[in-house]
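Before anything else, here is the set of structures, which you'll find just below.
Common to both upcoming complexes is chain A, partnered first by chain B, then by chain C.
On to the complex of A and B.
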């Protein structure tokens, strides 16, 4: 059941970034960690993929304007 | 096609352009349709790049203000009526301005929650299966399956006779119903399909109350869901509901876990997460505008949805949400409840760093917008 929601058409792909990937993302965007949009650690999707507080999630959205759009969210409690 | 896409990607890279996926796809389509050679493709990419860069939002542009105007202006043309019959014939769904306000206010209790329940491939043409599920989801009470019902004042009891054909019609389970009745009315006497009840105190008032209670006893249905409507849409059966409970419905056997949706944004957030809530806001807002024959560029709605979900939970636009959480005292005071904010700020000793637009307009300084957003920094020596 927990994994079922990941297949829902309204839920885009979420992936946990490694430490080095996270740093690369922050450097590329030239921002601090806290400037990222947030996602709660008890968010159903965050729970399903096992994300922990402080992780950065890479979200690949299906966009009606750009086709595919990659964005990031910081896991907070 | 795949080849052309790769070729276009290469040209785009060579021209040092950063195009979104849909652009590359569109260019590849055009290249195939007109059978472009390499030089022509080069020229096409060059021109698209120029047009794309021109169309981009400038740094420091007031996108929020533009979004507010772009949603607000068509909003004035929407119907002011509170409700409207549309979509599924028998269901009443709030549309127009009231619905739009509901969305941006992020109401916890929306006025007409509704679901569209789809089925997995193997069941979507199985009418019998869909009807069984519909009756499991939809609310029915004892009153719906009665053949005969007596309130006997002489013997001080209530006698209900259940109609087996009605039960069969509704695809309900007889023992299941009996169990539910027994659970609620401990003193019920059950003789096949004849149920008799005795009130706890032997007076007429109690007897009448008991009769109503028996008739209203819910024997099937998912919590928060009322009426259901079954419809054939194109080549499959779809259930539309009045009321919504996404979590419970998604757990049911045979229900499509990919397409089944609700119009309750908070429920989407709870069950499918914040990103799905963002998609739901965009979808609902756009659907509401479309239905009224108004077109608003999605980008404006996307910005609104991004703001509403940036925090990790769905926040409203307005006093209790985004505007109420602004860092600047002056900005908050200028929006609503001026006295309250100024008083509180003075009690707490808040500091306003004057970084926003509104603060700077109030004190008469250039605003940090467009060319005003650039400052001079001296190099430390």
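On to the complex of A and C.
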């Protein structure tokens, strides 16, 4: 029996950003790619949503202080 | 040395080759002596002048610079026979074990070598750690037969600290060195020795570097006698034996004697490096004291690293015992005049402070607002003496720096160890006071966690204008009233401040105008216009509140009734402040206490820290004059209850104990039913604990009902949150209750029983540590013993907890110390890598928040209601 991990309540929403969205995020934060936190390309979630190396993932998770919190991760091997 | 700026691009660690040591050496050391009869250093001796100079009047023969500027130069000793370096004995052992004794190849097959080489390259390119793979190689490379020359291998053992034994034969250092010499560079790399910077055979010493005299200075005693450094003593020993060994070898002495001397040389070289190596008796001084050799200089708490590099002693600091002074501001610190005359502030002389500085110099170093030194523009420092005063004053002109005494209003840094949070170091204003202790306001005790049972604190004086300005804006005490830990005040009233405010503001407190003015006068507050009416304490306290303050909250004394009567509260626990007038409710811990003060918290957040400091200084003074007006004392009489109450408690406890017996009986008759998920025994234990817990609480309640908050000062302290708790009081009056070890009733001691006074397997209340008596009645011996058991566990727990949490905090601080929050709220480390895109995910500074939240809407609405008069 295989479960869809993306539907598990402990797994926050992950979304692959398009090239233009990625650039926007980097520009907004005034950083280059390598400064982002990383996520392994063989991470179960990354595999499930089909992220490839070099993609930026937008992660939206619940936060006890802010309610909703958005963060970004760079997919790396 | 000044002005030399260099950037370190990399640091390489390796071994020194014998050639390196010889090149570095300025002279060979041969003579095992230091000075001749005339007191001159002997050439080629241990104090050879070429090794560097200490005396500033002499010039160094090697580098030409003056003493003090010359860091010294190494010499060298040629050892008659090679010896093993203790620090590398383990590594040598591992290398010998993993290499062939005849062909010198590593004991790996060719395919393994190719395999590991690949892994090595990969790791090195990625700049990853090699430790794990080297460890793996050492475990794999242990074979009975060499894969290259088919030679049988015998196991090499290490006999601590430096003997390497093959089978039954003890290898001499020369033999070891020969074996290491034939190891190829490629094999050495796999063994963890990088051939670019080291060779395995360099771990065997053939030539010994002699540290310069600056490293081992000799001390001249008052008697004129010279006393040499421990290292020099050790080097003398090495030289002597080396000399004897050489002579014996040249004279063709028997093998046995040569070997003995060789052993001795090995011993001296070993202890020269490490005098605490296991398996070697430590070399001792003539007095019997073990010598402090190279390893001892670096190692441990008193070693170079922990005591001189991670922590240093500093100038312009002072340390003394602290004591309280409720009449100075929280921003101030009382500095003893003795200290004020010792630590100084450098002041640049200008046209405008010329006269003031001249006055300081005229006072000299013994009269208080004086000065100790004057620094001329050419950096010469001149001490001010009685005789030179006038000359210095005449020469004084703008551009000079005067090191004047500390005076009132100077900013200093004040600290109490352990410095666990930022409030452990705060900037205070100086108040020069007589006597010998630092004085601090009682409100700053909580952040420093200080009390006055002998605590000492440190003070540091800022030496630059920048540091003073920075400290004044960031580190002043008033800037730290709110703690970033929970977004509430950590500085605030304690103990008598709280009971005092309660006595002053309770319903029954009314004063004639005379009395009211006396209180105000004593608190150094402005006296208002006469009204001719009686004053309530609430009116007096209202004088301190901002005129537009509106607040509603429940005081600490609130009994949490089922239905809140609000303003009609019979305990006067419902606080209402309207336009700065305290209309109902009492002032207690919730008003301005440390950790809890709501009014204080509100004033900091709405009116700023200046207002808050004024409020805190004034209200604590007022509370103290209030408590002095009423009088406040406590004794065991406060824990007295009538006989009738005692009887009621007795009956109650008796009932509870009977109930416990019933439970046990039910259990023994197998009538007890297990709770879900529990065994029968656990169920019984839980039920007994519950019954006994309730018994203690109920007996406490009975005792409490006889206490009168209007009369009883102990109760006032407990209920207002000033000191102590209701539980403390009921334990004194009614019943101490169940003692526990490891979170349960006491069940340890003898076989199946706690003490021989009980039957085996007895489960009754008393047999398992229930203390029926109160502290005031006194405990019987059995109860006392159980009480001591519980008490001991508490002590041990706190001791272990502090050690554990201290280390935990240290690791956390080390992990987080380089993180910083950028302007846009992102948290980055020192490489610029993002840790969190918004600090705390909501970007809120907890110190500026409302108890961790951005806003407290309910509170805002309450305030607005009052404002609108609803």
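FYI, the second predicted complex is superposed on the first by the 74 of 77 C-alpha atoms of A that agree within 3 Å, B and C clash if a C-alpha of one lies under 4 Å from a C-alpha of the other, contacts with A are read in each partner's own complex, and residues count from 1 in each chain.
By our rule, contacts are C-beta pairs under 8 Å (C-beta built on N, C-alpha and C of every residue); 3 or more make two chains touch, one makes a residue touch a chain.
Everything numeric here is computed off the predicted structure, so don't read it as measured data.
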*Tell me which partner A:12 touches in the superposition: chain B (first), chain C (second), both or neither.*
first
*Looking at chain A, which partner touches more of its residues: chain C or chain B?*
B
*Partner chain in contact with A:29 - chain B first, chain C second, else both or neither*: second
*In the superposed arrangement, does A:66 touch chain B (first), chain C (second), both or neither?*
both
*asked:* Touch test for A:37: chain B only (first), chain C only (second), both, or neither?
replied: both
*chain B and chain C contact sites that coincide on chain A, given as residue numbers*: 37, 63, 65-66, 69
_Using the touch definition from the top, list the residues of chain A that touch chain C in their complex._
29-31, 34-37, 63, 65-66, 69-72
*Partner chain B, residues of chain A touching it in the complex*: 1, 4-5, 7-12, 14, 37-40, 43-46, 59, 61, 63-69, 73, 76
*Given the complex with chain A, which residues does chain C contribute to the contact?*
824, 826, 828, 832-838, 840-844, 852
*Tell me, which parts of chain B touch chain A in their complex?*
20-25, 250-251, 257-259, 261, 268, 270-276, 279-280, 283, 298-299, 302, 306, 309-313
